[in-house]
Structure formats: structure tokens, C-alpha cells
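Residue numbering begins at 1 within each chain, and the chains themselves are lettered A, B, C, D and E in the order written.
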Amino acid sequence: MVERQIWTSNLNLWFGKNQILHNINLEAYKNHITAIIGPSGCGKSTLLRCFNRMNDPIPFMELTGKVYLDGKDIYAPKTDVYAVRASVGMVFQKPNPFPKSIYNNVAYGLQIQGKYSKSEIKDRVEESLKAAWLWDEVKDRLHHSAMSLSGGQQQRLCIARALANKPKVLLLDEPTSALDPQSTAKIEELCLALKNSVTILIVTHNVAQAGRIADYTAFLYLGELVEFEKTEQLFTVPKDKRTEAYLTGVFG
Amino acid sequence: MKGIKEKTFQAIAYIASLLTAVCLIAIIYGIFHDGLPLFKFISWKDFLFTNNWYPVYSPPGFGAWALIMGSFYVTLGALIIALPLSLGSAIFISEIASPGLREIAKPVIELLAGIPSVVYGLFGIAFLAPLIRQWFSLDTGLNLFTSSLILGIMVIPIICSISEDAMSSVPHSIREASLALGATKSETIFKAVIPAAKKGIIGSILLGFGRAIGETMVVLMVAGGAAQIPKSIFEPVRPMTSTIAAEMGETIMGDLHYNALFALAIVLLIITFFSNLITEIVFRPKRQK
Amino acid sequence: MNRRKGKNTFWIMMMTLMLIITAGFLVVFIVRIISLGAPVLSWKFIVEPPREAMTEGGIFPALIGTFLLTALAMIFALPSGIFTAIWLTHYGKPQWLVNILHIIINTMAGIPSIIFGLFGMAIFVNLLGFKVSLLSGSLTLAILALPVIINNTEQAIHSVPADFSEASLALGATTRQTISKVVFPAALPNILTGAIISVGRVAGETAPIMFTAATFYSRSLPHSLQDEVMALPYHIYALMTEGTHPESQVPIAYGTALVLLILVILIDATAIIIRSYMRKKRQW
Amino acid sequence: TITCSGSTTVLPIAQATAEAFMDGHPDINISIRGGGSGVGIAALINGTIDIACSSRPMKSKEITQAKSKGIEPIPYAIALDGIAVVVHPSNSISNLTIKQLKDIYTGKIKNWNELGGPNLPIVVISRDVSSGTFEVFNERVMAGAKVSSSAQLLASNNAVTTTVSTTPGAIGYAGLGFVSSKVKSVAIEKIIPSEQTVKDGTYKLARKLYMYTNGKAKGAVSQYIAFIQSSQGQKIVEKQGFISLN
Amino acid sequence: MVERQIWTSNLNLWFGKNQILHNINLEAYKNHITAIIGPSGCGKSTLLRCFNRMNDPIPFMELTGKVYLDGKDIYAPKTDVYAVRASVGMVFQKPNPFPKSIYNNVAYGLQIQGKYSKSEIKDRVEESLKAAWLWDEVKDRLHHSAMSLSGGQQQRLCIARALANKPKVLLLDEPTSALDPQSTAKIEELCLALKNSVTILIVTHNVAQAGRIADYTAFLYLGELVEFEKTEQLFTVPKDKRTEAYLTGVFG
């Protein structure tokens, strides 16, 4: 039986006067990959950023409804937002390693928490780089600048960086759209491997990608969750006209 | 623990910001507080529009018209000299020069923009003024023309460097579009690049204006210092800034003369405030992003 | 068509001419200062105090005075300038306060330096009773430098891609950690460049220190913040206008001007070199 | 540190004596600024300096202002000086009356030929209103009349003599110590300014130079002033081109 | 019978020491659309820019061979390069309207020539906007900034701007690569309509686009003109292996 890890309940979100998300109820299951697809501007990124409260700093953002992580509402007052973000990792569209060394990129999340010893950090960095399939490529130059890596390597470094915090959930916002096909394939495989240890939510504009890797797929349209189903089901027998139209390439 | 550090950091940043605001308020308060008492003695109309600056006579005269016009003429002269030269150079550097020349010219211009004004003043008083006196066989080289010339030379690098930035940040595609329609180089510059860089150019001119009208040392050293409305460009003038600098030390706190000098500062402050306001309005749409 | 080509040639020649005239002016200016100042320049000129009623000797106290004024001004202005920029870029709430602060900073940046001098005299020298002193002068200069530093730092911070902050926040870092561990290190070279440029500016200012710090003659170096100091720019001005032995003092003024010029150009050149080096090296 | 500010006329005396004084008292530092007599007196009244140098006695208004701020100015005469009226060496005029001088400075007389000189417009050069030299000139020559607004106001004696020496039509005035061979000094009411005429008071534009302190000079300040008034100090005064008190 | 409008003869081009174009002989026929396709960096844009001498300002550019427009060599000495550019219009990859009003954008080419009266210009602006199918959308706001238009509208404005000069040839360099599908479709249709009055040369990285609109297609590879044929022929029976490889998606 699948178990929910992170889910929303009647989530609405406004930027100023524009309502971006309308009453979203979406669930992501433990050890599964959930994809969010939809045309450009429909609110995919915004929804994803609700899961680690990355929309908080945006001025005039308002939110109603709840987001639960393992049953606890992460928007409840007194919630430690920094702890939430540490346990819900995020990887962005464009690889964005810090202009620091490879080692320090991965160690960053642990260093700022200030509760790990040097040797613990060292072990965790190695572990994370291995988990992100990057260790072999960088083990001899851990103290070189992360900027010297290729795009695909940088993106895997970003994944390693997020993994170092031992997150329960990993959010990926179009992680491969800036990458070449080989790097994309590698990251897709990596996702499939990672889902054994972490719940993955991935936004993608590439329907085929969702088809290839996601267990569940959600179709978002104009801020509404139109359809949320097992991927094969959504792709083969979409219930909603709009889903069908999107999958056959009418919009976007 | 995290919370306290966080709060302290934010509080420090907040206090620093307020401190900045307090500085300006203190400046404005300080200047107005010591300047306004003058207007108990003389109406602001008489202060601004009569030509009668005899601050230490009894009864004293505080008609600043000649000083205001002095500042105005010197600044106008400086801009007349600086605008064609600085904008022409900026266009040359941005549009015509080879990349190699541009690489050199740009930092040189920036360096020149940083030269202290007192050095320009020295150059004026010791080199240019005697030369100008000889060339035009004048009574004195310390006059409106000389000070405008030096101020002009001083603001050229400032205007040039900022307007060059504005022009070179016009996307290359705009130039290509113009050339592809059959425009010549100069047509492309005047009809496509300059209109697109208009805001930055206006900003640079206003900045040059502010620098020229606020400059003290150059005019103190080379304007000649006669409180009169000049009848020709070769007569000495006494701009507001040099009046303040020359007379401030001698006054006694709270004296009317002291107030009068602060009143001149109010005039300067208001002028610079408005020229800033214009810049602000010109640049406003850009900041919104 | 020929008319258009003619116009084109005309304008290109005009622009070239403008550049040549500008360059000519500036070359005459620089060459003149150098040729007049160079003869008195010597090691002694740098390290000796003035003697014989300022007709002999060097400018050591003025050099040190300018150094102290500038260094103190930076000690006052840099932290508050940088923190103001941090507040503006990272905290900045409410928005109206940010807007007002921007207007305030731009207004301050445009205020003529003599007004800072007046303000310093009215507030520091007279009201707070610091007298004409190193302290009054450097506080005045600090306020003058503040808007420059804030603007530069803000730009430097803005030039760091938002991606970096986002990545840091998403890893659970606080705003303070994000600023101090990610944004600030990345912006540092640009912040530094801005700071160096404002050092150059402050070192060359005369009007603000005229009534707040500078003295015509003082043999020894200042012992405390309460002492008056000699300063290079004021020295030039005073020699030219208050000197009593022009034959021997005007050359000293030129020498001093040359020293000041070299100093400021070196400072600014450092900044420009750092900047172009960092721009080439920068990887984002 | 002793801070000392004021008249640019007194400046060379103050500086030269300070150097000599400091050679004998290495523990004392004297900081000297110019500005003008008014500057020095204002600073004394504002309480920001120890010694105000002045080329004129304090005005009664200034004394009242000082009193109201709790300052008790005490004058110390330190030297004698004559204000020389100078013209370009090529000028044939060699004598002027006070009346003529006044008409020149108010702008009534505009050309040297009105005085029997060459046909040359007069370029009037005056000192800054802050200077004691101006005050003395203003009091003894102008008698309250206003200097024409087209007069150039220059900030120092030095600037006056330099300008006069390079401007054929110019007339100016400066302390005796600043008169060099590059300018020609004219007689006033037929009396040439000299050590003799200044000391015996026949030269109309003679004056004393002062240092003012707040209350009786104490400690280092009184040592310094005593040094200037001593014969050693007065020698330095003469070396700077001024006239000694004794 | 097709008639040549603009063509090259043994064209070679160097940037510094790199030879970018090798002995190109390409012809574009009156009232036809010619497409240039090829992998990225093969010299498509450079070749296109030879037709209106837009490579001239590039430092260290050298060129041998000839380019004829209606039989006249446009690189001959004494040729009026400005007149050439006016009669060979060009539209770029990214829409690049001037930051001026819509009206002034279209009028620009005529205004600089200084030989048209206001009313002539006015008529010509209207005519060009109509020809570019933009008139109805902008006729009420001719004096608004061109920057307020959408991307597709901006690109049609750029076409209108080029048409105002009544060019004989229109060069389009990947004109739709920055546009959404609807706008792309509109511009393609527009090209088909325009070819009645102007000869069109279009560079595209989108093989399907060439297939949809071009009468002739040239395949450029590493600066060489590998094949130049009627489009159907090139697409169905390519003579060269490299063409075939490219069409089936091996490179780029």
C-alpha cells in the first residue's frame, strides 16, 4: 500500500491580487516519483515551491490551506521553516552551484546547521556525492571550484548538495531543461535510483520525461489541478478533455 | 539561538539604514535650522532677487542674486564646453573606436573622473588663468570663462563615462536592425542608438550639472570672487559655493552672516534636490523591474 | 545619397575631433601637473615635515593626515554603508521605506561637498564640540562617502545571481547565513572595488575638511582624534591662496598636487584592475 | 597642542615664530591655520581655538558676542604693519590721497587718466571681507562706503600682490611684508610706508597685529606669546618683513 | 521559368584566419522561398549576411567571389552599400524593434533616406503594416511603444519595417526560433503570402519549417554548400550522405 509523505489540502495561493493556485489537493507518496506537468505559466513552479515554503520571501504572497509533511502542517505557526527546508530538498532548473569548491557546496547545508563535526561532514559529503553518482568523477578534485564542472555534473552536484541534508522529499523543478540529452538521461536514471530513499516531486515541461520516470502524474492547468493519476492511466485514458489536449500537444 | 543571531543581524542592518536616513535628515535640519533665521531679517524675495551682497557692512546686505547668477553662469558655461566634447567622445568610444582603443579609453576616462577638484583648481589658477589673461589680453585670468573652462574639463570624464555606459549597453541588435535598413553609421548613432540610450545620457548630463554647480574648490580658486552680475564672460564672478567656502570661517555662530551662508546652502540644496528628482523621475521606470 | 554619405563622414570626423580635443585637454592637464610637480618630488619631499615657513621641506604630515582622515572615514562609513545595502537588498520591508531610502541615498549622493563641510562644522565642530579635528573631519567625510558605498554595494549584491540565494535558502539556511556565507563572498570583489573608489574620492576632497579638520601648518603628527591635521588637498589650496612666499611655495603646491594625483590614480587604478580581473575570472 | 588661526597677514609671523619656538620646546605642538582675522576671531568666540591672530583690534560687536558666549578675549600686540597700496610697476602714479583712494574703490574713478596717469581702466583689487587688512582699509579709507561690486575680492595678501604684478591697470593693498619688487607701492598723502613712518604713526594706514586669547594666556600659550614678544621673536618678525614693536 | 534574383558565385569568406564559407554558389529565384538549413555553426547566418553586406563591419572579415543582385555585383567597388541594404531587407532571430513607437519603427527606413514626404511615409507605413498582417492589431495604437507588443507581433513589425523599403529580397535568419507555435505558424503563412512580391531567403534550424514553406532548400555543412535542390527533392531523395544524415537527425 502506498503511504503519503507530503500532501496539500485545499491549497490556494495569491501573488498580490492574482490567484495562482486554486484549491490544490495533491499527494506525493513515499518512495515514488510524482511528476507535475502543464503548460508554461500554469503554476507548476509555484506549487512546487509551496512544499518547502520557498514562496515565503515573495512580497504580497498569500496562502490558504495546508501542506502536510508526514502529517505535520508545515505552514503552522511556530514551525521551524529552516528545518522544513532542510528536510525538503530542492533542485532548480538551471544548475546553481555556489561559487565555492565542490566539497564546500555539498558541505554547505551541514555547515550552516553548526551541529556536525568536521569528520561527520566529510563522511556525509562523500556519501552524498556517491548517491548522486558524482563521486568517481570528482573525488580527485573535491577542492576545485564547482564552476569548473560541466552542466550535467553541476546539476548532479546540486542534487548531492540537497541529499547531504538527508531530506525526506526532493523537489526538482525542470532539472534537465538546461541539459543535453546524455546528461538528461543520466539524471533520469538517477531519479529512479534515488526514489528508494527519498520521495521525489518533479516538475517537467517534457511530457515524455514524465512518462519515462514518474509513478504518478499531476496535470496542472491555469492553477487548477485538473487530473492526478497513476502515470500510465493519465497518459492512456485521461479523464479530462484538457489533459488529453495537452498530451496531444495542443497547448504549450 | 539561531533566532537571536538572525534578529541581531537584521536589527544591525535596520539600524544602519535608519542611520543613513538620519544623516540626510540631520543635514537638512542642520542647514535649514541655521539658514532660516536669516529670513526674519530679510524676505526670501530680497535674498534671492536683489543684488546686494555686503554681509559685514552695517547695515549688512544679503541680496544673493549675483551669487546665484554666478553659480548659474559658471555651470552653464561648463556644460556648454563639456557637453559636445564629452558626448562626442562617448559616441566615439562606444560606436566608432576599435575594440582595442575602447579597452584603453574606458578605464582612462574613469581614472580622470576621479581626479580631485583641487588639482583642477591648481591647474587653473597657476597655469590656465595666466595663459588666458595673455591670450585675450585681459585684466585678470580669474574669471567666468576660465572657471567654466576648468569645470568643463572636470566634468567631461564624468559625463563621458556614464553616457558611454548607456550607449554601449544598447543591444547590438538595435544597431544591426538600423544598418540592415540601409542606415549609415551616423544615422544609426543618432536615430537608433542615442534614442535608445536617451535616459542614461540625460542622467549623465544631470549628474554633470550637479557636479558643476556644487563644485567649490575650482571656483574658489579661479572664479575671481567679485559679487557682480558679469557683463562679459571675462569678468570675475562669485558663485554660491565659493562664497560659502570663503566666508564661512569668519562668521560667528548665530550671526546673521552665518545664517546667510547657510541660506545659500539651502538654495544649493534645493537646486540639487530638484535635479536629483528629475533624474529619479527619468530613471523610475527602470528601477521598477 | 552622396549627401547622406557626406553627412556620415562629417559626423564621424566630428566625433573623432571631439575625442581628440578632449584627449588634448586632459593630456595638457596631466602633463602640466607632472612637469611642474616633478622637479620638487623627492624622497625627502615625501618623508619630511615642512620647514622655514613652508618654503622648504616636505609634506609628510599632510600625507599622514590624509591617510588618517580617509582611513577613519572608511572605518565609520564602510560598516554602516554595507549593512544599509544589505538591509535594502535582503530585508527591505516595508517597501515604502525602501523607496524613501533610495531617494535619500540618491539625494545625498548629489549634495555638493561644501554642504557636507557646513554640516560637519555646524554639527560636529560646534554643536557636539569636537572642534576642528581629525574626528570631525573623518565623520564628515564618512557621511559624504556613505551614499557612494551604499550604491556600489547594492549593485554588487544585485550582480550576484538570485539563484545562489535561492539555493542557499532551499538548503535551510537563514537569511543571515545566506548573506554572510553565499551572497557576500560572491559580491566581495565588487564591494571592494566600490570601496576603493570611494577611498579615492574621499582622499581628494577639500571643501568638507576645510572647516572641520584641516590646518595650514602643524609640525607633528596628530596624537589624538581631537587634533587638527594637515591634509594634501587642503595643503595645495592653502599654499596657493594663503602662502606668503609664492616663489618657493607654488612649486611645493605643484609637488603636493602631483603626489595627490598619483595617489588617487593609483587607488582608482587598483580598483579598475581588480574589477576587470574579477570580471574575467568570474564564472557565473 | 596649541591651535592658532586667523589673519593671513599674521600667518608668516605665527608660523616662523612657531617653528623657532617648537625647536626649543619639542613637547609642544602648534597648529596654525589662516582664513582671515574674522575667521580667527570667530573661531575664538566659538571656542574652537586657543589663539586668534588678527590684523585689527576686535570690533565692539565681536566683543559683545564673545562675552555672551562666556569668552573673555585678551589682546597681545605682536608686531606693527603698514598696509601698502600697490600698483603695477609700469604705472606712473606715485601718490594718492585718501579721498582718491576711496573714489577708486567705490568705483567713482574708473580710469587712471582721471588721476593724471595713463589712459588705462582701473582694475580694483580688494581683500576678502573676512580679512583684517580689509577691515583696516575699510575703516580708514572707505569710512563706511561700499566697495564697488566689480572689485575682485582675493583671499590673501599674496594673491593681491601676484595679481597686481601681472595686471597693468591694477590697484590693490597688502601688508608691508608682502610688498616685493614686482609691484610698486604708492605714497598715501605724500607719505611712503616705511619702518620709520609706520613707527612714528605718520603713515595713515599703519596698524598693530594682535594675538587674542580667551582670558589671560596660560601655560604653553603664554610661553609662545612671550617668545614672540621677546627680542628673539621680534627679530623673526623683522625677518618676515614686518616691523618690530620696539 | 524561374528567374534568378540574387545569387553568389564562388563565394569564400574568412573571419581572421578561419575560413567560414567555402566556394558557395547559391541562387535564389524571384517569387520563391529558398531555405538554408544546416547544423549549428555551419555558417548559415554568415552566408545570409553576405547578401546585404552585413558582414562588412566585422573586423578581419575577408571575402572573395561575387554576389549578384539582379545581375549587379553588390561587392563591386563604388557600390552604394546603403542602397543595397535598403533593397535587401533583413529580419533577425530575436525580434529587435527600436525602442520607439510602432509608427516610427516602420517609418525609420524611409525617414533616414530623407527623400519622402510625411504623407508618403504615412501611406507606406500603413501599406507595410498591412502587408505584414499587423495593421488590424495596431492601427489604434500606432504611437505606442513597439516594446509593448508581444513577441510574435514584434517579429511581424520587424518584417513590416523591412518591407517599408520595398525590398527586392527579404532575408530571414531563424525568424521564428524565439516564438511560440501560434506566432510561428502565422509568420510561416505570411512568408507564403509575401513571396508573390519579394524573393525570400530563410535560414532555419527547423527542418520541418523548411519543408513546409520553402520552394528550394540549401543544405550547408561546415561552410560548404553540400546540396541545393527543390525542397521536395532534397527531402525525399537527398543526393549526399551528409544531407540524409542531417535530415534524419544525426547531427544538431
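In this text, a contact is a pair of C-beta atoms (placed from the backbone, for glycine too) under 8 Å apart; a residue touches a chain by one contact, two chains touch by 3 or more.
On a predicted model such as this, the values are computed, not experimentally measured, just so you know.
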Hypothetical removal of subunit C, resulting connected chain groups: A | B, D, E
item	value
Longest centre-to-centre distance from subunit E, chain (CA-based)	D
Centroid comparison with subunit B (C-alpha atoms), farthest chain	A
Inter-chain centre distance, subunit B versus subunit E - centres from mean C-alpha coordinates, in Å	48
Distance from the mean Cα position of subunit D to that of subunit B, given in whole angstrom	35
Euclidean distance of C-alpha centroids - subunit A vs subunit B, Å	53
Chain centre separation in whole Å, for subunit C relative to subunit B (CA means)	16
Set of subunit D residues in contact with two or more other chains	35, 43, 46, 155
Contacts with two or more other chains, residues of subunit C listed in rising order	4-5, 126, 174, 241
Junction residues of subunit A - those touching two or more other chains	82
Complex contacts: residues of subunit C adjacent to subunit B	4-5, 7-8, 10-12, 14-19, 21-23, 25-26, 29, 32-33, 36, 79-84, 86-88, 90-91, 97, 100-108, 110-119, 121-123, 126, 143, 146-147, 150, 174-176, 179, 197, 200-201, 203-207, 210-211, 233-234, 236-237, 240-241, 250, 253-254, 257, 260-261, 264-265, 267-269, 272, 276
Residues of subunit D that touch subunit B when the two form their complex	35-39, 41-43, 45-46, 62, 65, 121, 123, 128-130, 144, 146, 149-155, 163, 166-167, 169-170
Of subunit B, residues touching subunit E in the complex	98-99, 171, 173-174, 176-184, 187, 191-192, 195-196
Complex contacts: residues of subunit B adjacent to subunit D	51, 53-57, 66, 130, 133, 139-140, 142, 220, 224-228, 235-236, 238, 246-247, 249-253, 255
Interface residues, subunit D side, partner subunit C - complex	1, 3, 8, 11-12, 15-16, 18-19, 22, 29-35, 43, 46-49, 155-159, 162, 177-178, 240
